[in-house]
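Take a look at the structures listed below.
After this come two complexes, each holding subunit A, first together with subunit B and then together with subunit C.
So, the complex of A and B:
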């Protein structure tokens, strides 16, 4: 029986179910110290003085002067210091590091910092410091708007969102022969490696990064671990001892990245019968105090901003700007949930203003193979916008329910969405990702930097290799990512781990099979000894992309989805309670149906939380509700019945036809919820749509 | 941490030393974890069986201070006499918290969002305090002197809660920040009788009985008038969980719902 397409046992299942799996905080090293970060308590200003108000015996103390290389996190630009030198740009910014072997002494140490405070900037609309701006122009939007029968405008807002991976950020730095090793909860070991090389400079050439079992990431462990790993390394090098830093939940929520809040403006021209004529879109992302990954988040956000619709004349202008708040960063969906929320709510408002059924409006405009996207990409046969829309509408009996619920406190709404898989444009070509297969005495070992963060990387990669090589699933093992031992397969982000890395592994397996010449791996190993096959990713040759104009083939393929949400509104408390969600998603081919379903269910839950519950309360530039008590994510009782439908429309460039799936489910729930509320007459244009917001919201006549 | 196995033992320890009682620890542990717990010395009373029972004494329903939410949910006596407390108990935390959290702890902790408090306030419950010097009884509505401040002395323990017979239909509604594992943004308990008794949590520094609203409803029976008075009688605040405006509006909605459902 083929492994691909069946829900085989997870490679990491037993370890996790029995408690055997070792997470960063489960691991200790002899002589290990604990590290603590002293952070700024103002959002903007300069440090005037630092006073250590404790007995320093046994303490290791590090500040920016201890940085051997460059005091900058090496991401897209090197503007963010590991440790503040003088200038404070946001609350909870790291200033000083302490380490001690006694956790209580460490926690009790008092540091007094005096500041010269400046007036902070919190409003992104008032920010003049632009991290990145993007202008995607197709056709002539001004002329097209002038031609349009009807123009519909609107502004839509989305808030911060916290990742709430179950395991907070944590790493251990261990000095070893002529260098240092980092063991930690990370998504992208090679990103951390790059950052540490920059931090340490030429003084410490031997750095390696080992991913420990990781309790979730959702993008929150894409770039941030470079920071905490740098801190642990500085303390470890100064003390000469292993140093562990594990954030508690409050510190994790206050100090680490969140989803970018967004303000998106639409100005759309249409014919009277509902054809999109012009889309003029303005996207503003609050980047926080440093650049981090904002340019690429903005890029993905802008590319998805016109939604899965055809319109010849579009203009999408985007800016990611500075504010005195902790930097925002990668989060499942990477900018697309914000802009797809806006366009989908806007489409609903257009339908309302034109008096057209919202499903019909989408039928008229949804992309088909041969159509051009906002970046001018001509879609191929793996475009499934209509397929998911029709399937969802039929399965939910949408038209009838929409009619039937009118005037009751029950309602129904939908959203149509898409998500590009893999790095944008030339990204995959530039990455040059590699994957490796190594023969073992009993089978093969997969050696890549792709991380298992709960989503099923190990299992899914092993399934692909199993079938491509034609050996039993049990004979495939997966190496723990250690940058000194595995191939750099690129970061575990952007819904690329199956589609891209899985593809390289499939090709490795084919090559290996040829080399084995009909022998089983074990037989070959006995006769000839070890054998390794390593290959590099070759993106499809037809991909054309211009990084200056943002025109061309933004992604090799897209996943497509249509979510239908039914909900009830409590007339006394204004709580919107989802009672049923139907998630119809097309992503090529589910390699592991149970895991794929898990991604859709989990992503939909996260999307419902984003839509209704998850509100980051910022006060003076810091998260005021930084506990799981007061930042509420959905519990099982908040989750409705879920009907998940997985459709297949293979992408020829993916392993066994697979596209990316991880992020797609995040894009749909919020607009579907808000469109359902709109059908009830509630003019919501912002999320989270908390009961407080709904109570005060305008009703539609 | 010291442990007591009998009430006498516990009270003697509290007479001799300043110690913070620990019942289910579901509130204390949160503070400990956040590093906001000031106390360093504790007295574990979990094993004091005398404080655990639920019984009737005369016409009083007596809840031992250590009665857990689970025991309230399972008690036929409570179900018969004070069903709104069962309803409140079901909506506290999750199963683990219901197994450990106690009614005495909910009262002593004194959070204005404590879910059992409006029920006990509306039921005219009495808090029984005891020290080595003897016992005293305080109406729950007079037990709090301010935000998390109570009349309890450091050498006293809450030993029981006495609930007199409740005439009339009982009603309870919790409005949390989500469907479960939630702190109340507003919580209301009501008893519909010739003199309605109505209490709210999370609208003031302590749980409150809205006596002016009660009087208007008792004398006129006019819910519009009652809702109007309620809006003047309570002055909730904005906080990280909700807004004053929302709380006020929902409080009046709940009052109306209570009135309609208990008529």
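So, the complex of A and C:
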């Protein structure tokens, strides 16, 4: 029986079910110290003095002067310091590091910092410091607006969202053989390696990064682990001992990245019968105090801003700007949930204003194979916007329910969405990702930097290799990512781990099979000894992309989804309670149906939290509700019935037809929730739609 | 002080205010009990005290004197619920899984979906949206899958 397409046993199932799997905090090293980060308590200003008000016996103390290389996190830009030198740009910014073997003494150490405070900037609309601006212009939007029958305008807002991986960030730095090893909860070991090389400079060439079992990531362990790893390494090198830094929940919420808040403005021209003729879209992302990944988050946000719709004359203008808040960063969906929320609620408002059924409006405008996207990309046969829409409408009996629920406390709404898989444009070509297969005495070992963070990387990669090589699933093992031992397969982000890295592994397996010449891996190993195959990713040759105009083939393929949310509104408390979600999604082909379903169910849950519950309250530039008591994610009692439908439309460039999946389910729930509320006559244009927000909404005229 | 840990009587000399989770993980090396929030909100540290699920991060060890404490390690990997968590992919990242399993053990013999949801309401999972966890628990108790925990469709 083929492994691909069946729900084989997870490679890591037993360790997780028994508690035997080792996460960062479960690991100790002899002589290990514990590390602590002293952080800023103002959002903007300069450090005037630092006073250490404790007995320093047994302490290791590190500040920016201990940095042997460059005091900058090497990501897209090198503007963020590992440790503040003088200028503070946000609350909870790291200033000083302490380590001690006794955690009580460490926690009790008092550090007094005096500042010269400046007036902070919190409003992104008032920010004049632009990290990145993007203009995507197709056709002539001004002329098209002028000839439109109807123009509909609107402004849509989305808030921060906190990742709440249940395992907080944590790493251990261990001095070894003239270098240092990092063991940590990380999504992208090679990003951490790059950052450490910059931090340490040429004096410390021997650095490696090993991923420990990771208790969730969702983008939240894409860039920030470089910071924590840098801190632990500085303490370990100075003390000569292993140093463990594990954030508690409050520190993790206050100091690390969140989803970018967004303000999106739409000005749309239509014919009277509902055909889109012009889309003019302005996207503003609050980047926080440093650049981090904001340019690429903005890029994906802008490319998805026109939604899965056909419109010849489109202009999308985006900016990511500075504010004095902790930097915002990667979070599942990477900019698209914000802009797809805006366009989907806007489409609903267009339907209301034209008096057209919202499903019909989407039928008129949804992309088909042969249509051009906002970047001018001509879609191929793997475009499934209409397929998911029709399947969802039929399965939920949408039209009848929409009519039936009128005037009751129950309502129904939908969203249509898409998500580009892999890095944008020339990104995959520039990345040059590699994957490796190594013969073992019993079978083969997969050796890549792709991390298992819950989504099933190990299992799904092993299934692909199993079938491509034609050996038993049990004979395929997956190496723990260790940058000194595995191929750099690129970061575990952007819905690329199955579609891109899985594809390289499939090709490695084909090459290996040829080299084995009909022998089993074990037979070959006995006769000839070790054998390794390594290959580099080759994106489809038809991809054309211009980074200056932002026009071309933005992604090799897209996943497509239609979510239908039914909810009830409490007439007294204004609490909106989802009762059923139907998620119809097409992502090529599921390699492992149960894992794929888990991605859809879990992403849908995060999307419902984003829509209704998860409000980050910022006070003087810091998250004021930084505990799980008052920042609430969905519990079992908040989650509705979920009906998941996985449609197939294989993508020829993916392994066994698979596209990317991880992020797609995050894009749909929020607009479907708000569109359901709108069907009740509530003029909601913002999330999270908390009871307070809903109570304050006008009714739709 | 003395207490029963996974069926064996244990004696320790620690500050009575020490959190139970720290005693389990550091004194006894039982790292299957995980810490997610340290304030009793996420349930990752759930253990059974005299059969009742409790967050071990907000319990001082003095409170379990003479009591019976049961952790995930007691199941020894052979419990049918552990196998079902694997088969149904009730564990994605796995950090909530030990606490989730311990909380589920408190369920009676024939739980409805609502019983399962109520029993697990104090255990947060950020990966699964809980549906796969319901499937594992209901199958363990031989209960039919109701709407909300039913089968997926691949068309």
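As a working rule, the second predicted complex is superposed on the first by the 701 of 701 C-alpha atoms of A that agree within 3 Å, B and C clash if a C-alpha of one lies under 4 Å from a C-alpha of the other, contacts with A are read in each partner's own complex, and residues count from 1 in each chain.
In this section, contacts are C-beta pairs under 8 Å (C-beta built on N, C-alpha and C of every residue); 3 or more make two chains touch, one makes a residue touch a chain.
Values in this document were obtained by computation on a predicted structure and should not be read as measured data.
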Comparing subunit B against subunit C, which has contacts with more of the residues in subunit A? C
Would you check which partner chain A:456 touches, where first means subunit B only, second means subunit C only, and both and neither mean what they say? second
With the two complexes superposed on chain A, say which partner A:56 touches: subunit B (first), subunit C (second), both, or neither. neither
So, A:572: does it touch subunit B (first), subunit C (second), both, or neither? first
Counting only touches as set out at the top, which of subunit B and subunit C does A:601 meet: first, second, both, neither? second
Considering only the touch criterion stated at the top, classify A:629 as touching first (subunit B), second (subunit C), both, or neither. both
Once the two structures are fitted together, what part of subunit A is touched by subunit B and by subunit C alike? 627, 629, 634-637
Applying the document's contact rule, which stretches of subunit A touch subunit C when the two form their complex? 7, 9-10, 12-23, 25-26, 163-168, 213-218, 248-249, 391, 453-456, 590, 593-595, 597-598, 601-606, 627-629, 633-637, 639-648
What residues of subunit A sit close enough to touch subunit B in their complex? 107, 250, 571-575, 577, 613, 617, 624-625, 627, 629-630, 632, 634-638, 691-692, 695-696
Touching residues (chain side subunit B, partner subunit A) in the complex: 30, 34-35, 173, 175, 177-183, 240-243, 245-246, 249-250, 253-254, 256-257
Touching residues of subunit C toward subunit A in the complex: what are they? 25, 31-39, 41-42, 44, 71-73, 75-77, 82-83, 85-89, 91-98, 101, 116-118, 120-132, 147-148, 150, 152-155
